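Two complexes, one shared chain (chain A), two partners (chain B, chain C).
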Partner chain A sequence: MKILRVNMSDETPSAKFEELGEYEGFGGRALTSAIISKEVDPLCHPLSADNKFVIAGGLLSGTAAAMSGRISVGCKSPLTGGIKEANAGGQAAQVMGKLGIAAIVLEGKPKTDDTYKIFINKEGVKIEKDNSLKMLSNYDLVQKMRSQYGDKIACISIGPAGDMKMSAASVAITDMEGRPTRHCGRGGVGAVLASKGVKVIVLDDTGTLPRQPKDPEAFKDANKRFVAGLQKHPVTGQGLPAYGTNVLTNIINEVGAYPTYNFKDGKFAGARKISGEVQAELEKQRGGNPTHGCHRGCVIRCSGIYHDKDGNYLTKQPEYETVWAFGGNCGIDDIDKIAMMDFLCDNYGLDTIEIGAAIGVAMEAGLIKWGDADGVINLIHEIGKGTYLGRIIGNGAAFTAKAFGVERVPVVKGQAIPAYDPRAVQGIGVTYATSPMGADHTAGYSIALNVLKTGGFVDPLKPEGQVELSRNLQIATAFIDSTGMCLFIAFALLDQPETNQALIDMINAFYGWNMKDSDVMEYGKKVLKFERDFNARAGFTKQHDRLPRFFYKEPISPHNVVFMVKDEELDQLFNW
Partner chain B sequence: MRVIIKLFGGLKSKRAFPQNEEGDLILEFTEPIAVGEIIETLDLNKKPFIVILNGVNLVDFSIKVKEGDEISLFPPIAGGQC
Partner chain C sequence: MKILRVNMSDETPSAKFEELGEYEGFGGRALTSAIISKEVDPLCHPLSADNKFVIAGGLLSGTAAAMSGRISVGCKSPLTGGIKEANAGGQAAQVMGKLGIAAIVLEGKPKTDDTYKIFINKEGVKIEKDNSLKMLSNYDLVQKMRSQYGDKIACISIGPAGDMKMSAASVAITDMEGRPTRHCGRGGVGAVLASKGVKVIVLDDTGTLPRQPKDPEAFKDANKRFVAGLQKHPVTGQGLPAYGTNVLTNIINEVGAYPTYNFKDGKFAGARKISGEVQAELEKQRGGNPTHGCHRGCVIRCSGIYHDKDGNYLTKQPEYETVWAFGGNCGIDDIDKIAMMDFLCDNYGLDTIEIGAAIGVAMEAGLIKWGDADGVINLIHEIGKGTYLGRIIGNGAAFTAKAFGVERVPVVKGQAIPAYDPRAVQGIGVTYATSPMGADHTAGYSIALNVLKTGGFVDPLKPEGQVELSRNLQIATAFIDSTGMCLFIAFALLDQPETNQALIDMINAFYGWNMKDSDVMEYGKKVLKFERDFNARAGFTKQHDRLPRFFYKEPISPHNVVFMVKDEELDQLFNW
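Let's look at the complex of A and B:
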């Protein structure tokens, strides 16, 4: 496996392959965070030539391992000012792995405002200027690439929000059908890709083979045990395939942790109408599909395909966090309108969480009324067009709050807080506060134990035990994010030690390593250390590891609780 | 004593109970009764895994219900990625 470095500062951008060298043994998030931490000046402007944009598949991407299609992108974030790793599913990680590329590192910046496309296949790398791609939406762009390069390609791209370098711009990854539906959403990564002058990276693995393990028999056996474990577990074998992630709407609402009207309430009266149960039923009735994988080799298949009232494709099955961001957070209970918002965000290349939160803040300011779904759709179009109002919203919740003078700003390190109220689920509040990524539920998903009773139960309404819970989850997640595995395997891993062992056996068989459980934790800690170290050099202090003050002062209904984990305890999170 | 039962995630009762406008089941009891016993009474298609009493995730199912209590039941479920 090689690192592909592309220098965008050269008059004719140049590409060269390098050995992994000091990065040997790193994949996914470990690789993006190691490269950013070691090679990027933490004080650089995120959109400057000094920032780098790194794309990396995981340790097992491009192999025959099930679930190994996760791709990470990393850079200094224009939203948080700290290190960023954002990951997504789709086909690109596997294609990159099969092409023998561990990471693509985009460096420098063109001196002109030309737009480039990069095409990579087994013959090599072609970098071409193509200004006709500027401001194209993701769906049109991918269609154009398919007509030029064929249907077998995978694309990594930005929409107009990226072109305009907005801090909520995402990086789209194409799915099995070649649609740009999977997004490395958070932290404005799309703006950084745009700053390198790159609109799209087209990958074609024609004529390549899967990566071969050191010990094929042991690898095959471990993969078999791993898949059996995922199929046996009730969550990964039944719950996620049947309803997708949006099955969370009802339960998070029932436990009073569903942030409603910009975090004013913990319950939303319209929750049932936008739940995963309703969504799955509509998908079945309209000829969509409630059980679908986002990449080949996914055996959980939590995704789906959403059709409109006339039975035509509208978007992929909107995820829980998207449905929340535009649903309860904005007071909207129309699932078709929310699905349209999901499509528009994918098409313009936007993080649905950041945009939903920004619009919640704008509603608080009175820009449009709570529940005004058509108003929200108009605002998303404003972002796509780049009007002045659109540019405000497209730069996220904190920026929008400043523009409109709003005090209630649900962000940590500048990044919007997602779909779980940290007062009603104290463990997730610890993750929001301390993650080097800014408010990010996936960084240490305490909901698993605080609400879903996977891997045990820790009372969500009490501060006790939450720091330890979040610490262990953040460490384990940093490892899983480095393997290329979808994080949803964690539900089975937490409950079934033999499935956890199967994953470790699979990695060992592939690389000829002798990793043990304790090494897994050390690996995760190493990743977090790279990230914390970068942030410290970028100027982050322990005061940045806090929630906004209103979470400490305003009790949330129906439990009437505030966030109670003490600052001194939060400061112990990385003291392992 | 009237208790509201909310079923989610494909849970269904094999018995017929009166329902409110939302489709939730309305159960009447004369004596105080434990949550665990109510779940038995419901005769569900699948075993519930998460049991919520008035917004609180229950660990102890021997707790007795009061007039107007709401119980929400879920099979094993998860999510949480975008």
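Let's look at the complex of A and C:
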């Protein structure tokens, strides 16, 4: 495996392959965070030539391992000002792995306003100026690439939101059908890719083979046990395949942790109408598909295909957090309209969480009314067109709040808080507050224990035990995000020691390592240390590891609780 | 002297007078910064009920001391996120002093969207709801107040930019003619006053007397020596009275420190056309007035009255930094158009430096062309009307840069860098980087020594000695800002030890104190300590005491220099 470095500052941008060197043994988030932390000036402007944009598959990407299709992108974030890793499914990680590329590192930036595409196959790398791509939406762009390079490609791309360097711009990854539906969503990563002058990276693994393990038999055996474990567990074997992540709407609403009307209430009257159960039923009725994998090797198959009333493709099955962001958060209970919003965000290249939160703030400012679905669709079009209003909303929740003088801003480190109220689930509040990524549910998904009772139970309404819970999850997650594995394997890992062992066995068999459980935790700690260290050098302090003050002051119904974990406890999270 | 506390959270807002207590001996900036640092949660949202808005005249305001008309306002800044003190001339400080009020502290915020006015005279305080005042411009508002309360009032008010809670909103103070032309400009203080539901504070000192010194004879004698010293010094006795602050345009341009086209060049071809010399000549020709004081007791008289081509009042004489912000910074060399921009900013209630910098950034983004004066006037109207574009520009340079994806953002701690390039004058760069206020030339005006050679000379193009220079000036300034004295007395203080002594004698005579030169420095250090302490608790670190990276990388012509003061040296500034 090699690192591909592309220098975009040169008049004719050039690419060169390098050995992994000091980055040997790193994959996914470990690799992006190590490179950013070691190579990027923490005080540089995120859109400057001094920032870098790193794309890395995980340790097992491109192998025959199930679930190993996650791709990480990393940079200094224009949204948070800190280090950022965002990951997604889709095909790119596997294709990159098969091409022998551990990471693509985009450096510098063009002196002109030109737009480039990068094509990579087993023959090498071509970097071409193509200003006809500017401001293309993701679906149009990918279609154009397929017409040029054939149907077997995987694309990593930005939509117009990226072109316009908005802080909610995502990086799109094509899925199994070649559609740009899987997004490295958070932190404005799309703006950084755009600042490098790169619109799309096209990957073609034609003629390549999966990466070969050191011990093929042991690897095969471990993979088999791993898959069996996932299929056995009720979450990964039943809930997620049947209803996708949106199975959570009814669950989270039921426990009163469903942030409604910009975090004013913990329950949404219209939740059932936008639930995964309703969504899956519609998908079946209309010829879509509620049970589908977003990448080769997926055995959970939590993604899906959403058709409109006429039975035509509308979008991929919207994720729970997307349905929440435009649903309860904006007071909207029309699942078809929400699916349209999902499509538009994918097409323009936008983080649905950040945009839903920004629109919730705009609703609080009175810009449009709660529940006005057509108003929301219009606002997303404003973003895509880059109107002045669009440039406000497209820069996220904190930006929108400042533009309209709104005081209740649900962000940590500038990034919007997602779909689980930190008062009704105190553990996730700890993760929001302390993650080096800013508010990010995936960074330490306490919902697993606080609500779903996988791997144990920690009472979500009490402050006790939440810091330890979040710490352990953040460490384990930093490791999983480095393997290329989908985070959803964690449910089975938490409950079934033998499935956890199967994953470790698989990695050991592939690399010839001798990792133990404790090594996994050390690996995760190392990743977090890179990230925390970068952030400290960028000026982050313990004061940045706090929730917005209103979560400490406004109790949320129905439990009538505020966030109660003490500052001094939060400050112990990284003292392991 | 009393503190007047107004609780705006009550359904019927109430006011009460308190003894100074622990704040005894504090005035102006010392008083605002002490109250904010001791009483405000550093992590509160700047627009929340937990922030406070403090208005304080100086130690000598309301006395017969010459030059003692500065008024300070303080709060947590919505622009920087740190502590903020902004001060201005005008009549309010003297009137407040005569009313026996050391500080007005606005606390809490109304639960409704109602707008209040506060009237204070020797009989007491009236707080009245008056929603007819909403969105009035400063000139209209003040006119309305004069029709209600008579011509002898002084007003402290916000324009529409404040109503809309923009981060470049100023607080206007009426001048000797009762016009809203003196502004506490920086840091978005107008947005915080607005968040308290207060549109205007009307002060009437009818029937009051100046504050009486402990030792009237010694006070009178010291004041006499003080005034004589100011009149003797060439800057305060000749340059400033003749041409106002805009005398600097030719000087700063000549030394190549005049930031042009958003800090791309150090000289502006059109500088002479917008210089103080040209301005003063026009004022004379058209029946304006180039030599005028902004407050009772001013003997420097650097302000002025600017008439339009037809001889009608257009605005007060624009200050150097305003002329620069819209002049060289935006490539505009039409002084009449710049005067119109000055008027519009006063009327809408905007910081001219922040807005000029924001428009420079917008020009870099291609929104309008360099030098397009009518385009700039139109943009300022957009702010006043609160269009979406106006809400972008009205939130300042960093906000505008983010909206349009611009990387070259001339701000420190979120606040726009003013009219002196930190590469061509390295001492002012140190002040920009390290001041707790964000980029602020007045916080430690190294230009005095680096360029004007008052009080000595430190080579502006070399890094040596700049930290010590800035340190001493920042400490001395923190003291002067606490006395109520206009900062321009500093030129005479630096060059003439007897004038410096006269000021100390005057304070000692007034209060019966026994202050020495060393006490003055201790006083200044105490103020800076309050401010630094607040900022540290708000999450500021040494990484926030840096200039934007491009000042370290892009040399500026004609001297072809970058900012060279080392980080480690900057970090020593507050180690006294």
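What we mean here is this: the second predicted complex is superposed on the first by the 576 of 576 C-alpha atoms of A that agree within 3 Å, B and C clash if a C-alpha of one lies under 4 Å from a C-alpha of the other, contacts with A are read in each partner's own complex, and residues count from 1 in each chain.
Basically, a residue touches a chain if its C-beta (ideal position, glycine included) is under 8 Å from a C-beta of that chain, and two chains touch if they have at least 3 such contacts.
Bear in mind that the values here come from a model prediction, so they are computed numbers and not experimental data.
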Partner chain in contact with A:Leu487 - chain B first, chain C second, else both or neither: first
First, second, both or neither for A:Ala191, with chain B first and chain C second: second
Which superposed partner A:Glu354 touches (first chain B, second chain C, both, neither): neither
Which of chain B and chain C A:Ala538 touches, first, second, both or neither: second
First, second, both or neither for A:Leu240, with chain B first and chain C second: first
Greater residue coverage of chain A in the superposed arrangement, chain B or chain C: B
In the complex, chain B residues that touch chain A: 6, 8-10, 22, 49-50, 52, 55-57, 59, 72, 74-82
Sites on chain A touched by chain B in the complex: 183, 185, 234-236, 238-240, 242-248, 250-251, 254-256, 272, 275-277, 302, 319-322, 352-353, 418, 441-442, 445, 447-448, 451-454, 457, 459-461, 486-488, 491, 558-559
Residues of chain C defined as touching chain A within the complex: 41-45, 47-48, 50, 78, 164-167, 191, 194-195, 387-389, 391-392, 395, 399, 402-405, 407, 409, 537-541, 543-544, 546, 548-550
